[in-house]
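I've put the structures underneath this note.
Two complexes come next, and they have one chain in common, chain A, joined by chain B in the first and chain C in the second.
Now for the complex of A and B:
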């Protein structure tokens, strides 16, 4: 009974769809979140589910190099980046409350609307009757991408903008694994290295912004105009 | 026969659910807490007492407990509890259930203002704000389930759910479940939204509306509140986890169905207790954020039934 489930492609598709839905819910939860530390942890949880999706797709499509991608996601986005950011929050002693520009109820509704856009766009990529794994995930990926953009616009503090950028990158990763069942390993490795470096560089940048302006509020950067 | 059985189950089980939630919550917070039968004793005590009616009140004050109680019981008879077939299922579907509960709430809000105390008016205004925000989310979640079954009749919805045990793993079902669970918390006045155990002026919502009631009227309102909680919990568990729901009331099947119902209610109560213990009550102005999440989840659920 269990074995047939484990080998059944349709069951795999369901699992991937379910986890993609969870990833989407976590993305919306990030939009509502007011505390930076919780925001970081939700991001870690989202990345964890993303790694699980990658592993599931790897299992059903016999694509072993995706396991490497899943493992790297687990290592970089679930462990390293959250730890790095939480230490940054502690070290900078920044105000831990996020102040979004658009108020929370409205941003949640906007995020819902962006999800609809994601679904409508993904609909045109979907061929009925084509057997495949996680084509539903494409809609979720596009939604993650759009909501990530929106969150970046909606936040004032540099650190939360970086987090939004990383969740946007999660959307890209999801699109890549659900459409092509993974890019070549070397590309994946490059991307992960990029993410790690970006997170570190941006972390340092955030720190420098604070040193110079006594705040991580990016709207103060206008002063640079001179 | 089934009607009588479900009526009995509703009236008898509702205070028990309240009692179990209170006791479990006390135990989780390492207090001893009252026994699980305490709500029955409270009701008995209140029914034996005399009552005080404010001088300024009109007929609404006297009519409200009856309207609230009977509309809630009527709504309870329209939902499938033990069998997919609801006793009064022919009289209306899920929309009737929701708006019967709405009728009760409307009268409760009226009586809060009718008593002339400023707390009553405050409670009514808060209650209506929250319910106006919760209702769209609830409708969207319910419509998601109704589309799956092809009918808004609860008998059909529950009937379609029987046997499809893994259906709740579908994203649309999960979104709808989450939306309805958030609405359940708001509607039953549970902790992130309202605190059922408080009489602190600044925070109470439901308690503020019924502040002027005493004696048998208060007993009716308290009873109605616990029945409403049972109705919403049953609606949630039977639409989304139809395990053990019987096709009809018949002999042993009914007993088995009651057993499953109790088990599922206990599980949901445990979830509520944990949620209430780990969360602090929200500021009133944060409640719209919670309900906006419920609304978004509900609309995602509805949309994803068409797209997946």
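Now for the complex of A and C:
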């Protein structure tokens, strides 16, 4: 019984779909979140499920290099980046987030609308005859990308914007594994290196903005005009 | 081997500058390093002219005439700017712009940061241009942003932090769109022969099979890539980081950002343009490029006309020229491509020269505000004044300078290709920019003020200024045959005819 499931492609597709749905739910949870530490942890959880999706696709489609991608996601996005950011939050002693620009209920509605857009765009990639995993995953990936964009515009705190950028990147990773079973390994390595460095660079910038402006509210950055 | 050396030398330079203890050693490391990079770039250009293409490590690195030209321009700008930097940063150190702690320790660490990050910045640009794999090209582009963010915050002012934040966030979003585009392009080429594994994203492989790429996917890929790399090139409406970053970074960095990095971003666009036009015909990508190009030209006109800050004025001029080059690419064909490549060469020379002049003016008057400089440049610094005026004439496309030739060629290509409206708008916007730029710069250089103190001698800065200015003058009348041949072959790569 168990063995048939372990080899059954359809079952794998269902697992991927389930986890992709979880990833989407977590993304929408991020839209509603006001506590920065919780925001970081939701991001970590989302990245964890993403790594699981990668591992599942690697197993069912016999794409061993995706295990590497899954491992890197675990290391970089589930462990390193959240630890880095939580330490940053502690050092800067920011614990709450001010109101987003669009209020929470409306933000959720917008996020739902963006999910619909994601499904419509993903439809054009779907070819009925083609076997494979993750048709739903692609729709989720595009939704993640769009909601990430929206969150970036909607938030004023620097660190939240960085987290939104990283969750947008998560959407890209999901698109990569569901469309093409990942990029070539060396490209994958390059991307992870870049994500890690970007997180550090942006973290340093956030810290320096906090030091200089005594706030991480980026709407205060408006000296340069015209 | 040449390609490997091209990438290794900047890395070694960065390491040497990082380990150096004295200022003179850091300066020497950079000067020697970039001198070597320049020589290697020339050798690469010669090799490409003789052999067509150069590749290394199973096609992981790949250079044709287009890459060789962009490499050559990047290396030349880096060399000139480094020479200039030596005088520029010494002056900063004396005038206390780097902070004035007694021990000089903090100053030295700032200098070390500059002289280490600049070779890394140049390395990432060169890596991007000679990488065959579109994914690796993307990763290198991301590195350029990450490295140069700390060059933008160099002076650590409140405003430089703001500029760096905008630069990093807008650049980050843009680059992630480019990654999405890269991904979709990879998907479009899935299942082609010879596209298994790593080489599936190799440009040379994809270009060979471009006609068989999945058409719907390529459509989406090109839009995403245009938005993504267009952000890095500063095409409107993704241009907003540019004036801020350009006016806050140290001047030599700005000169590199506004010429070499712009060329590299356009280079990425060109690579995708070639793939897309071979797959879908040139009309689809061409129209999109014309749209963004005209928008960039149009947006920069009002900002130039009401500008108060000299370096921001130059930034808007760069946005305008990014638009011009996007338009040239959008028109395409043999004539449009030739116009594009010539314009890239000429713009690189004139714009880097302008920024170096801006550096001299800024360090002398301690301000970028046009109203405060108001004349006096010519009296205080005759050489800078003359060169600045000349370069400004060149950048606005006045004959006899060579940008006139390239812009004329682009307009001709537009009319001949049936894009009459584009041609008319091009000339209209060009006139607007000419008026604004010349009005302000004329006022600044030739204005009535006479109480400005005259400057001391600036051997490093004025030397590099003079060298670049003579290149600008010479190239207006005579383009060396090998360079012209390289430009022709690069245009041939773009148009395929």
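Criterion: the second predicted complex is superposed on the first by the 220 of 226 C-alpha atoms of A that agree within 3 Å, B and C clash if a C-alpha of one lies under 4 Å from a C-alpha of the other, contacts with A are read in each partner's own complex, and residues count from 1 in each chain.
In this section, contacts are C-beta pairs under 8 Å (C-beta built on N, C-alpha and C of every residue); 3 or more make two chains touch, one makes a residue touch a chain.
Source: prediction; values computed, not measured.
Superposition model on chain A: chain B and chain C are shown accommodated side by side without a clash. In the superposition on chain A, A:51 makes contact with neither chain B nor chain C.
In the superposed model, A:209 lies in contact with chain C only, and not with chain B. By the touch criterion defined above, A:14 reaches chain B but does not reach chain C. Looking at the superposed arrangement, the partner reaching more residues of chain A, out of chain B and chain C, is C. Touch criterion met: A:28 reaches chain B, while chain C stays clear of it.
Taking the Cα centre of chain A as vertex, the centres of chain B and chain C in the superposed model span 150°, given to the nearest 10. Of the two partner chains placed by superposition, only chain C is touched by A:169; chain B is not.
In the superposed model, A:111 makes contact with chain B only, not with chain C. The superposed three-chain arrangement places the nearest Cα atoms of chain B and chain C 20 Å from each other. Within chain A, no residue touches chain B in one complex and chain C in the other. Those residues of chain A lying in contact with chain C across their complex are 124-125, 145, 149, 152, 158, 161, 165, 168-169, 172, 175-176, 179-180, 183-187, 190-191, 193-194, 197-198, 201-202, 205, 208-209, 212-213, 218, 221-224, 226. Looking at the complex, you find that chain B touches chain A at residues 169-171, 174-175, 178, 288-289, 291-293, 295-297, 299-300, 303-304, 307-308.
Residues 14, 17-18, 20-21, 24-25, 28-29, 32, 104-106, 108-109, 111-112, 115-116, 119, 123, 136, 139 of chain A touch chain B in their complex.
Residues of chain C touching chain A in their complex: 133, 135-136, 138-139, 142-143, 146, 149-150, 153, 156, 158-159, 161-166, 168-169, 172-173, 176, 179-180, 183-184, 186-187, 190, 197-198, 200-201, 216-217, 220, 243-244, 247-248, 303, 306-309, 312.
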